[in-house]
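Have a look at these structures, which come just after this line.
In what follows, chain A forms one complex with chain B and a second complex with chain C.
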Partner chain A sequence: MAKFITSDKVYAWLEELGQKHEVLAPRNEGDSIVFKPYDSKKGFNIEREATAPPKKACFPQSETLVEFSHIKDLENPEKVALDVKETIPTSSWVVFGSRPCDARGFTMFDRVYLNGKHVDVYYKARRENTFFITLACEKGETTCFCNWVGSGPSDPTGSDVLMVPVDGGYFLEAVSERGESILDSSLLEDGGSKQADADKFRAEADQSMGEARDLSKAPAKLLEAFDDMDFWEAQSAKCLSCGACTYLCPTCYCFNITDESDGVKGERIRSWDNCMSNTFTLEASGHNPRPTKAHRLKNRVGHKFSYYPDLHDGVISCCGCGRCIKSCPVGVDIREIVLNAIAYEAKEKADG
Partner chain B sequence: MKNLEDLKKQIKDGLSELDVVIGWTDSFDPLHATPHFMRSEADVDKLKVDALCVHNLATYLPSLKGKKVGIVVKGCDSRSVVELLQENLISREDVTIFGFGCSGVVDQVKIRRAVGEAGMVESCEVSGTEVKLTVAGKEHKLPMADVIADKCQTCRYPNAVLSDQFVGEEIKPTASFEDGYKDLEEFEAKSTEEKFTFWLGEMDRCIRCYACRNACPMCVCRDHCVAQSRDPHWLSQEAHVRDKWMFQVIHAYHLTGRCTECGECQRACPVDIPILLFKKKFNKEIKEVFNYEAGLDPEATPPLQTFKIDEPTIKEKEW
Partner chain C sequence: MASNPYLPAMATIQEVIQETPNIMTFRVTFNDPGYKEKFTFEPGQVGQLSAFGIGESTFVINSSPTRMDYLQFSVMRTGEVTDKLHTLKAGDQIGVRAPLGNYFPYEDMKGKDIVFVGGGIGMAPLRTLLYYMLDNRKDYGKMTLLYGARTPVDMAYQYELPDWLERDDLDTHLTIDAEYEGWEHNVGLIPNVLLDIAPKPKNAVAVTCGPPIMIKFTVQALAKLGFKDDQIVTTLEKRMKCGVGICGRCNIGTSYVCQDGPVYTYEQLKALPNEM
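Showing the complex of A and B:
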């Protein structure tokens, strides 16, 4: 199904979608662009890639797993009963204005939280009820490398509707079955006549990307370099070991679980956690198998470009959005590290 | 930088005595520099020093304890080195300071505001007066005065306050202490409600990545920070604005009388929250109460790390 919407009607469309779903759209907040519940007074900004991806749509920064309360037995003060309430989300959401890399990022989550032996019910409840209306990119930024990791600037993988800018508005294509229900609106016109323009836009966007580097050797090479801590210390020398890269990453899915209590009531929550943090692997004994930033950055790169692909048919767990490079306070470039790992053996030979 | 070759020579001369020298080099696009760890002459050849070299490299020093480290510093960066020395967090004999007179660094946020989209920078030339950019085929000439960091506009210490080698000429500062706190005074003039609304709005988008903390040269607790300690579980991990804000308040308090206002916390913030304002507030108070500024005198004891029966600036006996 292909439709067309004129630019001026997008606001009305979002209002209409908002009657059935909670709509998340990127908007300016200070000098950043972040996804927020759509507010017609504040509008949206889809001019460029948002500073933070819409990761929180299916994987909130913190999320209540259960609510609990302690109930005292007045007859026996030593006996305390625990009342526990499950809190599975029941709403439905539309993410408007995500980029292809943002939506594709969730397919990395899916393999882990939906398609494995254990299904994550919280993630499932959000993922199955979240629709992605994704905007194709016109041109890659200097930090973009989606084409290195098996994708492209108009890749619809993970999206429900692909939006392509064309003269006067947007060409809208349902790319999943449920995407068709999103396009069932009287505000939309038939898009058949715009198909050619949209195809041209997509082809030009593909052309705009630089040459894709071959990463097929990365999984094996990263394992080969695993024990060479000199290599990893050099790669991580400037890293500050903060969590900006992971929390802005559309494919980083790790979390922490804590009980947050207030008096006799509380919540068990899960909140974003990241492998750049010391506490991520700190064991109860006090031992930490990843005691330095070199160990941690090795894990971050290794997980995305080696361990995950080894478990999931070679799929690299990186969508190439480039936020980890662009927003790193010290310019750590994950592309450079992966390429250095791929060149690892060659370097050894040259030295030896 | 005019005297870049002199600086390179100084570093090369010192290299044999040092495990590493930290400077800057080119980064992922022409508009950015990145910290650069130099161990060989070939590394030194890649050294870059210009208005894009925003990073305060003093942040790396405590983690390199025990190594002989050379460090290239702007005036503001040198104050962090001095403060680290004051607090015995690094040893003077382990650090070789290569200082210079800095005429200011750019604020990437201001550049983004000016060109709209800084993701497609094709070329960038920085001179003393102008940043010339080509972005997606379009040329932009930005006067340096428009894109220079706020801290540089009111800088009082452009020259390294402590150095073993100083390259080039000293730069004459023109700003006064008061100039540096006009933004804070403007903010303080707002009503409590306005201030609170402002912070709730700004802090809401915090992602709790702690880039602000890790980029801060004086945030030396690092792996033992209260923000993430599991046991005791000091701070809630909820994504509530009150918890995000709570951390910023803790951060500011821990830096009181120690912060050298390099601005790295704010620069590092991936979602551009103006958190330097918290620290400026405390610095202004410290100046008023103790007539003290952090990171200027290696021999001075920070006022909140000592106790004097008679504080010269507090006349409580006359109250």
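Showing the complex of A and C:
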């Protein structure tokens, strides 16, 4: 199904979607563009990639897993019962103006959260009830490398509707069955006549991307370099362990679970975690299998470009959005690290 | 496991045993009779115990699936969660997420001689397998146990040791690090005592757990005795949160210790990146 919407009607469309769903759209906040609940007074900004991805749509920065309360027996103060309740989300959401990398990022979650031995019921409840209306990119930024990791500037993977800018508005294409329900609106016109323009836009966007580097050797080469801490210390020399890369990454899915309590009541909460922090793997005994930032960066890059692909049919767990490069305060570039690993030669060989 | 892997099943503590100054054992039963009835696990699988308001930690189920009157967990006091768990007493409520992870390959061990080497709290995971095998004794060959602790006071399961020492279907050796008044057993580090006992590697499997440094030297001693990498089984500890292979912190390369482990042969560990 293909539709067309004129630019001036987009606001009305979002209002209409907002009657059935919670709508998240990117808008300016200071110098940043972030996804927020859509507010017609504040509008939206889809002119460029948002500073932070819409990761929180299906994976909130913190969310309650379980609520508990201690119930004292007044007749017998020694006896305390516990009431424990799960808190599965029940709403539905529309993410408007995500980019192809943002939507595709969730497919990296899906393999782990939905298709593993255990299903993450919280993620599932959000994922199945979140619709992605994704805007195709006109051209890559200097930090973009989605085409290196098996994607492209108008890749519809993980989206429900792909939105392509054309003269006077947007060409809208349903890319999933449920995307068609999103396009069922009297505000939209038939898009057939705009198909050719949309195809041209997409082809030019593909052309705008630089040459894709071959990362097929990355999984094996990263393992080959695993024990060479001199290599990893060099790669991580600049890193501050601040974790900005992990928080801004559409595919970073690690989390922590902590309890918060106030008197007799409390919540078990999951929050985004950061593998660049030294406490991420710190054990109660004081032992830490990843004691330095070199160990931690090695795991972060290793997970995305070696372990995950090894476990999931070669799929790299990076969507190439470039936010970790753009927002790193000291200019660590994950592309360089992966390419350095691919070019890595064991010391003995290099010396000999 | 419940359909929500993060939702603990509520259980009642039936009995608390102060094993050593810093180890407590909890015997628990699930509150829901239907859940209790259906609950099964394999020797070596772990569970997450909840101290609501503080958090969860992972412990091996150290009772045997052949004895389902209660589930037993031994908790060494090491941090905030274990501090809180140590305040619990019989009758108190506790949350349990179990079973998690893989288990000892007890089917593959059938017909073989078994050598258990446990150090300190590392005896806990061996205990589940030990009782499983004792309850299926005819399936296994000669069974040898070497259990060591720093001092006699640090030795858990003391009330079971007389039986273990007395049985003629189990060859039990105890050791402590240094001379101690009234101690009648071995004195010396576990790997050295193991070399003295010198179990035969032919058609045998060694199962070891303990502090990392003890495992390291025990594996060396076993190798010296002729045990091959695939004849050495151990069970690992890592910082874990979800326990179901999702939260992303307990991996060694592609292997998630909470789900693909905690039980590995030394051969499997050698094939993983060196990040213990």
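The criterion applied here is as follows: the second predicted complex is superposed on the first by the 346 of 352 C-alpha atoms of A that agree within 3 Å, B and C clash if a C-alpha of one lies under 4 Å from a C-alpha of the other, contacts with A are read in each partner's own complex, and residues count from 1 in each chain.
Convention: contacts are C-beta pairs under 8 Å (C-beta built on N, C-alpha and C of every residue); 3 or more make two chains touch, one makes a residue touch a chain.
The structure presented is a predicted model; accordingly, all values stated were derived computationally and were not measured.
A.B. asks: Judging by the criteria at the top, classify the pair chain B and chain C on chain A as clash or fit.
C.D. replies: fit
A.B. asks: Please indicate which partner A:S327 is in contact with in the superposed arrangement: first for chain B, second for chain C, both, or neither.
C.D. replies: In the superposition, A:S327 contacts chain B only.
A.B. asks: Counting only touches as set out at the top, which of chain B and chain C does A:S241 meet: first, second, both, neither?
C.D. replies: Touch partner of A:S241: chain B, not chain C.
A.B. asks: Based on the superposed arrangement, let me know which partner A:E29 touches: chain B (first), chain C (second), both, or neither?
C.D. replies: In the superposition, A:E29 touches chain B alone.
A.B. asks: Using the touch definition from the top, say if A:K42 reaches chain B (first), chain C (second), both or neither.
C.D. replies: neither
A.B. asks: Touching A:N256, do we find chain B (first), chain C (second), both, or neither?
C.D. replies: Both partners, chain B and chain C.
A.B. asks: Just chain B (first), just chain C (second), both, or neither: which does A:L282 touch?
C.D. replies: Both partners, chain B and chain C.
A.B. asks: One more residue to check, A:K79. First (chain B), second (chain C), both or neither?
C.D. replies: second
A.B. asks: Scan A:T142 for contacts with chain B and chain C and give back first, second, both or neither.
C.D. replies: In the superposition, A:T142 contacts chain B only.
A.B. asks: Between chain B and chain C, whom does A:R290 touch in the aligned arrangement: first, second, both, or neither?
C.D. replies: It touches chain C, and chain B stays clear.
A.B. asks: Considering the aligned complexes, could you tell me the closest Cα pair distance between chain B and chain C in angstrom?
C.D. replies: 5
A.B. asks: If I apply the document's touch criterion, which positions on chain A are contacted by chain B in one structure and by chain C in the other?
C.D. replies: 256, 258, 282
A.B. asks: Tell me, which parts of chain A touch chain C in their complex?
C.D. replies: Residue list for chain A touching chain C: 65-66, 68, 70, 78-82, 84, 86, 88, 112-113, 116-122, 223, 226-227, 253-259, 261, 266, 268, 270, 273, 275, 280-285, 287, 289-290, 295, 299, 302-303, 306-307, 310-311.
A.B. asks: Touching residues of chain B toward chain A in the complex: what are they?
C.D. replies: Residue positions touching the partner: 27-29, 32-37, 55, 59-60, 109, 112-113, 116-117, 119-121, 136, 201-202, 204-205, 207-211, 213-215, 222-223, 228-230, 233, 236-240, 264, 267-268, 270-274.
A.B. asks: Would you pull the chain A residues touching chain B in the complex into a rising list?
C.D. replies: Residues 29-32, 34, 47-49, 51-52, 60-62, 139, 141-144, 234, 237-238, 240-244, 246-248, 256, 258, 260, 267, 269, 271-272, 274, 277-279, 282, 325-327, 329-333, 336 of chain A touch chain B in their complex.
A.B. asks: Going by the contact rule set out above, which residues of chain C touch chain A in the complex?
C.D. replies: Its residues touching chain A are 1, 3-8, 10, 51-57, 78-79, 82, 91-93, 95, 212, 237-239, 241-242, 244-254, 259, 273-276.
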